[in-house]
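There are two complexes below, and they share subunit A, which is joined by subunit B in the first and by subunit C in the second.
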Partner chain A sequence: MNTAGDLLHVVTADNISDQQRRFGKLIVLGSAALMFFVAGLQTADQNGWIDLGFETWRPTLYAYIFWGICLCAGQVIARGEHGKRTLFVLPAALFVVSMVVFPLLFGLIIAFSDWNLASPNGRQFNGWNNIRQMWADPFYWNAMRNMVWYSLAIIVEYAVAFALALLLNTQIKGRKFFRVAFLLPLMLSPVAVSWMIGKSMLENRFGPIARILREMGVENPSFFSSPEIARLMIMLMDAWTYIPFMMIMILAGLQAIPKELHEAAEVDGASAWTRFWEVTFPLMLPVSITAILIRIIFKLKLADIIINITSGGPGGATDSVTSFIFREYRDRSNVGYGTMLAMFYLVVIVIAMTILIKGADRWMRPRY
Partner chain B sequence: MKVEHYNAIMHKQMSRRKMLQGAASVGAIAAMGGIFPKQVAAGGHSAVRAEILKIPGVGAGSPTDADWQKVGDLCLGPTKERVAEGEFEGVELTFMGLNNQNLHNFLFRGFLKPWEAYTGAKINWVDLAQADYNPRLQQAIATGTVDFDLIEMGAPFEGDTAGKGLLDEMPAWVEEQIEADDLVSYLQAPVGTWDGKKYRVTIDGDCHTFCYRTDYFGAGAIGGASVPKTWQEVNAASKELIGKEDPLTGLPAHGYLDPLKGWGGFGFYFLENRAAAYAKHPSDPAWLFDPETMKPRVNNPAWVQAIQDVLDLIEAGAYPADQINADPGTTGFQQFLAGTGSMLMWWGDIGSNARTSDTSVVGDVVGFGINPGSDRVYNSQSGAWENTYNEAPNMAYLGWGVYVTKNVQGNEKKQKAAWSAAAHLGGKDISLWMSAYPSGFQPYRNSHFQYDEWEAAGYDRAYIEDYLGSNADSYNHENAAIEPRIPGIFQYYSVAEDELAKGYAGQYGSAQEIGDAIAAAWEKITDQIGRDSQIALYKASLGL
Partner chain C sequence: MSDQIFRDSNADRAFKAKRFTGRAVIYGILILWALIALFPIYWTITTSFKMAPDVMKGNIVPYWDYTPRWLGWRSLGLSPDTIGNESTVRAEFLKRFWNSVIIAVSASVIAVGLGSCAAYGLSRFNYKFGFMRNSDISFFFLSQLILPPVVLALPFLVLYKALAMLDTRIGLILLYTLTVLPIVIWIMRDQFSSIPSELEEAALVDGLSIWGAFLTIILPIALPGMVAAFILSLVLTWNEYFFAALLTSSDAKTLPVMVASQTGSQGISWWSMAALSFAAILPLIVIGIALERFIIKGMAAGAVK
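What follows is the complex of A and B.
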């Protein structure tokens, strides 16, 4: 048994010979060399430098998988129990690299390309042109501006969700029924919501809501004609779907607050509003911030309802960044530019969320 | 009625109306074998044709899957002549097509079920919404992942597919089986061909025709004494109808229904309808771009006038509420067929749906005509308006066809199976049924214009002469606006839709600014795809 090095929690006696260690390293390096060799051959074939008749990139994929297996096996062979510990993480890390890092890198390559699917020239590297085009693209910045409005609506959604959670946290009749009923919209697909509500109930001629409004004397009720009302309707439908999500998180937080705190405040003569504002609300801040942050992430992906109902109209008033990218990428096959827009949006989201999380962290930190 | 005969009559200075008045006697002579020997040769089909037209019968509700299967079974004759029973046992084909209004692929499934049972082949289906079609196809082409053996595709995409060697050339026996010489002339080559090779089994012919409500127009009617014949009259009538009551529904009356929302690029065709009358000069085949430079014409005075017409109706409040959120599907099916609005330009679906679809309420009060004309036409060559009457039917999309991809090459059995399936769908008899009932397709063969067959199926003679006549008049118009078969055509349309949406929402100062914005976006697309190749293909598609 080894007697040197980190022996903490080591339970197996590993007597690894130099030969075994060398073999472990050899299979890792050998498989890596094979992977690079195959990838190099395929790259040469793809670029027309040599003709090997590869039809797909599967040989490189198989070489990568083989290298991954050898890398894992090599850890155990060369490092014994320490290697086995590595195996708890290594396959997952390799999977993440395969599914996230590689596609992201390829995505970046595409983002800096002029790639219109209809072009006979295929993909062409075009440097910073897509970025320049983005800066001057009024449709994109209009969609960005709309996202600010959509995100600000979360404040109202939060207030409604909090109110509903408080309601469901009290001893009302049919509490369990209402908890399930309020959750139902969350279970619906946004596509179903857009068709059932946006395209059917809000249909301006035969939709039941339009009919009721007409009965009430509203002449030609329409829900998606003016920019402000159309944006409001999209906000309402999105809110209807996702308020239950915030509500259930807040409700869980409310139920975790010890009753003694409220009882003590009541004994001290605090009014209902004071008990809420001085006790409940501060205690709910961590849950609230988490709920709001997750909701913002959901909101930034808003697209399906818009695509189905307004296609971003009227005149871009309801366009979200995602729905605009969808049109740019899908309808116009502008893959390079569409990918750049998505990449830039990703960077904006990461920066904004980091600032928000840091800010929230600082805000919630107790000050003594 | 065959189009060449129709044309011959036209050359003798007969009006269509006069000609149609004599249609019955012409039909009778034809039935006796007098003057149309080819139609008599097709007489072997007549029993089948009469039988399928009764499935389910006009006024008997929308056809069901059982009806489609019945029709498919009755039309298997030509397949049985060329394919032995069970000959394609073990063959699996993938068919990519549309699912618009639960038609297209839904019909094909029913039609091909008896074909599958007879031949032993199996078909796997890829259903796409209209708006998803273009991107799915483009991505498959660009990434080399053409994973379908048969595709329902419009001629505008032939540059993208046949031009890149992705299609299988049509065997001669298929051309014979589908009786391709029966296609109306504008669907004959070069449509369906590339570099002289044939690729397409045509299953549709496309043009936009004018649909109007007969109860809105006529003596004492709310829309005026006569049906508008020009876009100027269309706009005037639309404004006149503001504040009046629809005679059918009792709801507010409306005039022309422009779709103000995009439809994955397909919505641009509807501005084209207006623009064609102003911009398609009889002496010039080009009307979208300058063929020598690909400089867009969409911001020339003719197109700007078309945009201005729409802006005028928006400003006047002539459209139904929420029109800004109405795409062509809405204007055609949720508005016009449901009784809202009195004038519409659409593909032939409206004609075939008006009397056979469960959702239509206008079957008895609908009339048809060709694309309205204009009192003046813009001459791009001279850069000036000419005060002469002009009309130019819009051959929007050139119709759907079934194409076989090169995936089947190297497997003779599969190749034959794919072409046999395509030929079954493009057969002469089955096509009659498709143009008579809701299918997503409109008449496209000379044989479709034999009104007696339609009358025997239960259609009102006057109605069908009107409906089919509008198609025939459009197909054979000497100043028809033909769609260019250039790569990325829907990218141009799509970006135009975005700019138009902004313009209709009042975000541009004038129609000219909207046109300029579209032109700038089109220039970018042309540069991105490659100006030289676009010029070459555009000129080729115009026959220059």
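What follows is the complex of A and C.
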């Protein structure tokens, strides 16, 4: 990212008259004023100070969109060539800010209030009560602990993915077939996977895997009744879906290694085993770390298969944080508490990921 | 051919045997993993043609140990004999399918459009938004990837309720665009930085505006990257379940939500569930087989710098 930017300089001289510049500013400020006016009217209406009969907050939304358009147009009118260049990034930035920053701020307000959508009282500010409740909630901490287990499973996934990528990188026939076959699990929706594997193949009575186990002498195989095995099953299913993802990233990395390095090592008499540990693996470290970090990010969102197969059971043994909060809302409509749990999770994730990224960076480029 | 004059020395023969076993092991592992990857899909297809006794006996190979029936597909209204008739299940299924198509395609199109422009701008110009410079803006976009959906879900639930956007397609489209935008920007940034900026310089000298140069010269070159980003977005948005389960109830329900609600309730009528699951994953299997190289290209973009 260091070389990016500053590649194309503005060389054309724009002749922007003062009038134009003023007009550009005017439409931005004017539409902003309109937006605040509408929002103010709606707030007043909502609080019952005046009665304008607004059903929803849509007028404010429309005013906001109008302001966004005016802001983009104003850039071009008032700043000419520079404005046109800003226009590349501005829409995406506006979109993300309005879709993330506003809801997050709003979420903070919700997080510190007692708000049950089913109760008629509406939102009530309750200070630190949600945090206290969270601190004493054994199921939430249990879900957090499960997330650590789920994340640790990535190490095994990484090893399998690396092995498969190495095999695919050798001279084999039908490489395209194997690549497509290995890729397919990634394309399937987790919901369908949870039926295909979790609910039919792992079914106790008629599922093929239970049948094989019974043939092998296991009495009454069951996959989701004991906590450890249930968690292991969720890990395996998630691994099944996402191993192709890591495999492809690692394969791309392997293909980028110049062949000469291997040939040189071979000429020097290194065995295949040494060649791997002394040449391939160190060269693959940057790619591996990227792949693992992205995989961790995806893993932290794990929920779909848990919601659909075990809904957290038995006794919360398979709960991920996301599925726990999902049920907190589904079963109890508890928006305030659920949001607090989610916000806390976000804080933990941001801290953990920052430490991981910094640590990986440090480790890759040690400073002497 | 017993009197061969030239023959391999014993050392070479041993090497050959070793090499052969090596090959065998490699192919063995590859085939084993291909089985692991493909068997659930095979299982789903075959189960959709089974009847109750076949399920209970655990028959696996069609025609050999059971006769395929259209049972599962009939319950969906998609078997040959019911395809002409009215079917409420089929109408429901097609509605959900259509919802999924509209939502996934429009979210991906919007994300690729917004994301390509942003990635191009970030790879070519110097920005200063307040204290944020290019690298900060890039980081801001990419950091959205870390944001778990559950953090946004409940605020959005309340916001959409206030905006009367619960259970609408547009609400889901906006959220899905948000979730795939960082991935698109990541792929496209990689793509644009591999295109030399001399191309635009030449175009600008010839009198094109910067947007003209972007649209007529750079975009066609970056098209493979855009297709890769589009396909990846399509896969992710098609499969999305969490937001759809929270934010839709009847009108805008997508296919995964329908599959989830159906598979939760029915006991042993595996044939209809299998048919439904298979119908839900079929589009992606087709995409996966036909456009495999684009998907791989998209995922590899971030890996190798």
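We adopt the following convention: the second predicted complex is superposed on the first by the 351 of 368 C-alpha atoms of A that agree within 3 Å, B and C clash if a C-alpha of one lies under 4 Å from a C-alpha of the other, contacts with A are read in each partner's own complex, and residues count from 1 in each chain.
The rule is simple: contacts are C-beta pairs under 8 Å (C-beta built on N, C-alpha and C of every residue); 3 or more make two chains touch, one makes a residue touch a chain.
Owing to the predicted nature of the structure, the values given are computational and were not obtained by experimental measurement.
Colleague: Is A:F139 in contact with subunit B, with subunit C, with both, or with neither (first, second, both, neither)?
Modeller: In the superposition, A:F139 touches subunit B alone.
Colleague: So, A:N204: does it touch subunit B (first), subunit C (second), both, or neither?
Modeller: first
Colleague: Does subunit B (first) or subunit C (second) touch A:N47, or do both, or does neither?
Modeller: So A:N47 meets neither subunit B nor subunit C here.
Colleague: Check the residue A:S17 against both partner chains and state whether it touches subunit B (first), subunit C (second), both, or neither.
Modeller: Neither partner.
Colleague: Which of the two partners, first being subunit B and second being subunit C, lies in contact with A:Y329: first, second, both, or neither?
Modeller: Both: A:Y329 reaches subunit B and subunit C.
Colleague: In the overlay, work out which of subunit B or subunit C sits against more residues of subunit A.
Modeller: C
Colleague: Go through subunit A and flag every residue that touches subunit B in one model and subunit C in the other.
Modeller: After superposing on chain A, subunit A residues 205-206, 329, 335 contact both subunit B and subunit C.
Colleague: What residues of subunit B sit close enough to touch subunit A in their complex?
Modeller: Listed in rising order, the residues of subunit B that touch subunit A are 131-132, 134-135, 138-139, 141-142, 160, 164, 251-252, 260-262, 264-265, 320-325, 327, 334, 338, 340, 487-488, 490-491, 494-495, 498, 501-507, 525, 528-530, 533.
Colleague: In their complex, what parts of subunit A are in touch with subunit B?
Modeller: 114-122, 139, 203-206, 220-225, 227, 230, 309-317, 327, 329-335
Colleague: What residues on subunit A touch subunit C, complex-wise?
Modeller: Contact set of subunit A toward subunit C: 1-8, 11, 55-58, 61, 81, 84-89, 91-93, 95-96, 99-100, 103-104, 106-107, 110, 163-164, 167-168, 170, 172, 176-197, 199-201, 205-206, 208, 211, 240, 244-245, 248-253, 256, 286-287, 290-291, 294, 297, 300-301, 303-304, 307-308, 321-322, 325-326, 329, 335, 338-339, 342-343, 345-346, 349-350, 353.
Colleague: How about subunit C: which of its residues touch subunit A in the complex?
Modeller: So the residues of subunit C touching subunit A come out as 26-27, 29-30, 33-34, 36-38, 40-41, 43-44, 47, 55-56, 58, 60, 114-115, 117-118, 120-127, 129, 134-135, 137-138, 140-141, 144-159, 162-164, 174-175, 177-178, 181, 185, 189, 193, 197, 200-201, 204, 209-211, 214, 235, 238-239, 241-242, 245-246, 255-257, 259-260, 263-264, 268, 270, 273-274, 277, 280-281, 284-285, 287-289, 292, 295-296, 299-300, 302-305.
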